[in-house]
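What follows is a set of structures for review.
Both complexes shown next keep subunit A, but they swap its partner, so subunit B is in the first and subunit C is in the second.
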Partner chain A sequence: MSLTDDRAALDQWYTLGALQDFPAGAEVPSRLLGEDLTVRRLTDDVEVRAAGRALPVRTDYGHLWTSFGTPERDLFELPESREPDRRWIHCGPVRVRASGLRLVENFLDLAHFPYVHTDILGSEAHPEVARYEVEQRRDVDELWATKCEFYQPKAAAASDEGQISKYMYRVVSPFNVMLYKTPPTAPDRWDVIALFVQPADEAVSVAHAFMLVIDLTSTDAELSAFQQMIFVQDKIVLENQRPSLLPLQPGRETPTRADLSSVLYRRWLKEKQLRFGTEPRTDLQSTDLPHA
Partner chain B sequence: MADWIPIALSRDVPVGITRAVIVDTREVMIWRGEDGVAQVWEDRCPHRGMRLSLGFVRGNALNCLYHGWQYGAGANCLRIPAHPDLTVPPTIRANAYAATETGGMVWMSSDSADPPPLLPALTPVITLAIEAAPERVLAALGGSTAEPLIGLPFAGGTLQLGWHRAHAAKTMLHATGAGADIAAATAHLRALRQSLEQEAAA
Partner chain C sequence: MPKLYDYVLSGSCYKVRLLLSLLGIAYETQAVDFFPGREHKRPEFLALNPLGQLPVFEDAGLVLRDAQAILCHLANTYDASGQWLPRDVRFGSVMMWLSFAGGELMAISGARMIAMLNYAGDLAALQAKARAALRLLDDHLADRAQAGGLWLVGATPTIADIAMFPYVALSHDAGIGHEDYPAINLWQRQVRKLPGFVGMPGVPDYF
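Coming up: the complex of A and B.
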């Protein structure tokens, strides 16, 4: 497989990992959108090259970002990264044999908590997903799901008891998503948990989870271990979805009201004419096919 | 796929169990609820494509691992836990194949117009995966890919072998035998597999 010709996918920012994972002086191989890359970290500079070409680089939020194309916007805003009392926790990378779009969609999903994260993020006795709101914010080109609530037996590493957690979800680009969630110890603020997906190939992804949390008691290792445990549970599901690529063709899968955010996400991907990581469609005339 | 195909030994699908099987490159799954009836479905939940073979059986229902969607024996979805008060529309259903059991094997068909062969109860021996094309395996056993069963003489009796194609270069054999010495028959079949695989690799 070689670099995709999908313009919508090329013109995006992608993370290649936490900066701390690229030791100074070393040349580290990586992969993005079907193409091999090399990352070289100099003293206070990072270089990303593909096929002899230097790619643009950003180092925001403790991560290394690059793009093959010309992103329409700069990297997303993350104001919580400027709050001094937040802990920065990196928990990744985890390699998953599935489309990165499947990873994002799973991240947006509340209904799987009782079954995949049983007695942690959900319990079989409380499976109901209450109505929540979704919107496409056209000024920033982001998707938001708000007013989400879910009963959680153990919402976070620092939880002693069950709680009704409040969530907001924010999709900032096709492969980058984050959630805001009430921390057990600071109910008036929001923990931020981000999932930055590095789509290595159409059906091979590297998940970089990143947290900006308010937690005075747990150690970094405990916080990271909690998130790792959750993600390993998700991995079992993600690698067993068929097809591995996200279907955008109507009728291929069956959403319900709980899947409102997924419905909006898929519509937004179609609007962008994104193809990388999606199942090839058979319902479009060839003239309708997005052409890169 | 108009004919009936044996895809597993009945013994290997006890009550409460799911089992994934590849049949001619397609992912299918078998499950058996408390009523004892074997069901053969496409290995895919219509909701988000999750493989149903990772699901769990309770009573006479199969539950998807991902969101707990519950399916009854008729393949229709009975319950969507995220919406406990919802009456699930009958259009939401898993993709079921026709299934039956005879001769100690589970059989499936995509087109169940003709009845399956009726066989006497046979003692299950073993299911073997052979890394060789069915054409080659059946020819070596003196059978034909036109027939779902082969009789294999063994120790003065006959083993009945059902078979199915997993993919072009992999054959699944489901061996049964009336009153056969199971340990001896298993050893015989394993030796047979070894020689077939060596021949296929040569």
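Coming up: the complex of A and C.
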């Protein structure tokens, strides 16, 4: 496979990992959108090259970001990254054999908590997802789901009892998503848990989970282990999902899991004419196809 | 209270967690930031285990490394029935399969770290070794099933089954499916049914 020609996918920012994963001096191979890359960290600068060409680089939020194209906007805003009492936890890259869009969609889905994260993020006795609100914020081109609530037996590493967690979800680009949820020890604030997906190939992704949390008691190891445990429970489900590419063709997938946010997310992807990580469509006129 | 230095995604730590749970032993854990932090290679951890590996188990002043050794210690200390580590003619066979679980079968562990956590290494070579180990195990379990046996050795589960289960069950993470190993699948179902069985992330709920 080689670099995609999907304009909508090319013109985005992608993370290649936490900056700390790129030791100074070393040349680290990576992969994005079907193309091999090399990352070289010089003392202060980071260089990302693909096929002999230097790519643009950003180093916001402790991560290395790059793009093959010309993103319409700069990176998303993350005001919580400026709050001094937050713990920054990088959970490390995990490779998943599934489309990155599947990862994002799964991240947005509350309904799977009782079945996939049983007795942790949900309990089979409380499977109902209460109604929540979704909106497309056109000024920033982000999707938001707000006023979500869910009963969780163990909402976070520091939980010692069940709680009703409040959630907000925020999709900042097709492959980058984050959620805000109630910290067990600071109910008036929001923990931030981000999932930055590096789409290596159409059906192979590297997930970079990153947290900015309020927690005075847990160790870094406990915080990261909790998130990794949750994510690897998702991984096994994601890798068994068929098709592994996200179907955008109407009627292709019965929307059993397709709740409000998933419907909005898929609509937004179609609006962008994103193809990388989606199942090829047969319902479009060939003139509509960016390439036939 | 006994203490397990633990990493939630470690199959070797899971061997110990599984037997602790089957035997109903209370214990505490200390989370080690194995990935991405590589805490097991830092001086404080190397003082506990100079090999820089998980698991490490502390019990009444003993500091033990190596999952298989820890399973032996647990069975020896806490299993009054003697079932999990039989001291009769079965002993040698239990040791033989324990050694295989901590040896040849660990190719799955190596392949899994490459496939899942982006470690450097030769994935195809490790997958080939892992498949060879699974083939041998499947053949043994098929012979056992022919003779009416459900377990690796003798008529009851032993620590050999417990040491074997984690990486067999986690092989998907290493890019190896279970389709070619019918006898292994039958045996996995038996392990899952044990009273006190616990899973871990990545261990499928179905067989």
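By definition in this document, the second predicted complex is superposed on the first by the 287 of 292 C-alpha atoms of A that agree within 3 Å, B and C clash if a C-alpha of one lies under 4 Å from a C-alpha of the other, contacts with A are read in each partner's own complex, and residues count from 1 in each chain.
To be clear about the criterion, a residue touches a chain if its C-beta (ideal position, glycine included) is under 8 Å from a C-beta of that chain, and two chains touch if they have at least 3 such contacts.
Everything numeric here is computed off the predicted structure, so don't read it as measured data.
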Should the superposition on subunit A be reported as showing a clash between subunit B and subunit C, or a fit?
fit
If we overlay the two complexes on their shared chain A, which of subunit B and subunit C does A:Thr38 touch? Say first, second, both or neither.
neither
Return, as a multiple of 10 degrees, the angle whose vertex is the Cα centre of subunit A and whose sides reach the Cα centres of subunit B and subunit C.
50
Just to be sure I read the superposition right, which of the two partners does A:Glu253 touch: subunit B = first, subunit C = second, or both, or neither?
first
Which holds for A:Val129: it touches subunit B only (first), subunit C only (second), both, or neither?
first
Scan A:Pro114 for contacts with subunit B and subunit C and give back first, second, both or neither.
first
A:Asp220 contacts which: subunit B (first), subunit C (second), both, neither?
second
Which partner chains sit in contact with A:Met229 here, subunit B, subunit C, both or neither? Use first/second/both/neither.
second
Taking the superposed arrangement, what is the smallest distance in Å from a C-alpha atom of subunit B to one of subunit C?
5
Subunit A contact set shared between subunit B and subunit C covers 236
Mind listing the subunit B positions that touch subunit A in their complex?
27, 43-44, 46-51, 54, 64-68, 80-84, 86, 92
Given the complex, residues on subunit C that touch subunit A span 7-9, 31-33, 35-37, 39, 115-118, 172-173, 175, 201-202, 204
In their shared complex, at which residues does subunit A touch subunit B?
105, 110-112, 114-116, 124, 127-129, 236-237, 240-243, 247, 253-258
Contact footprint of subunit C on subunit A as seen in their complex:
18, 20-21, 90-95, 97, 206, 219-222, 224-226, 228-233, 235-236, 239
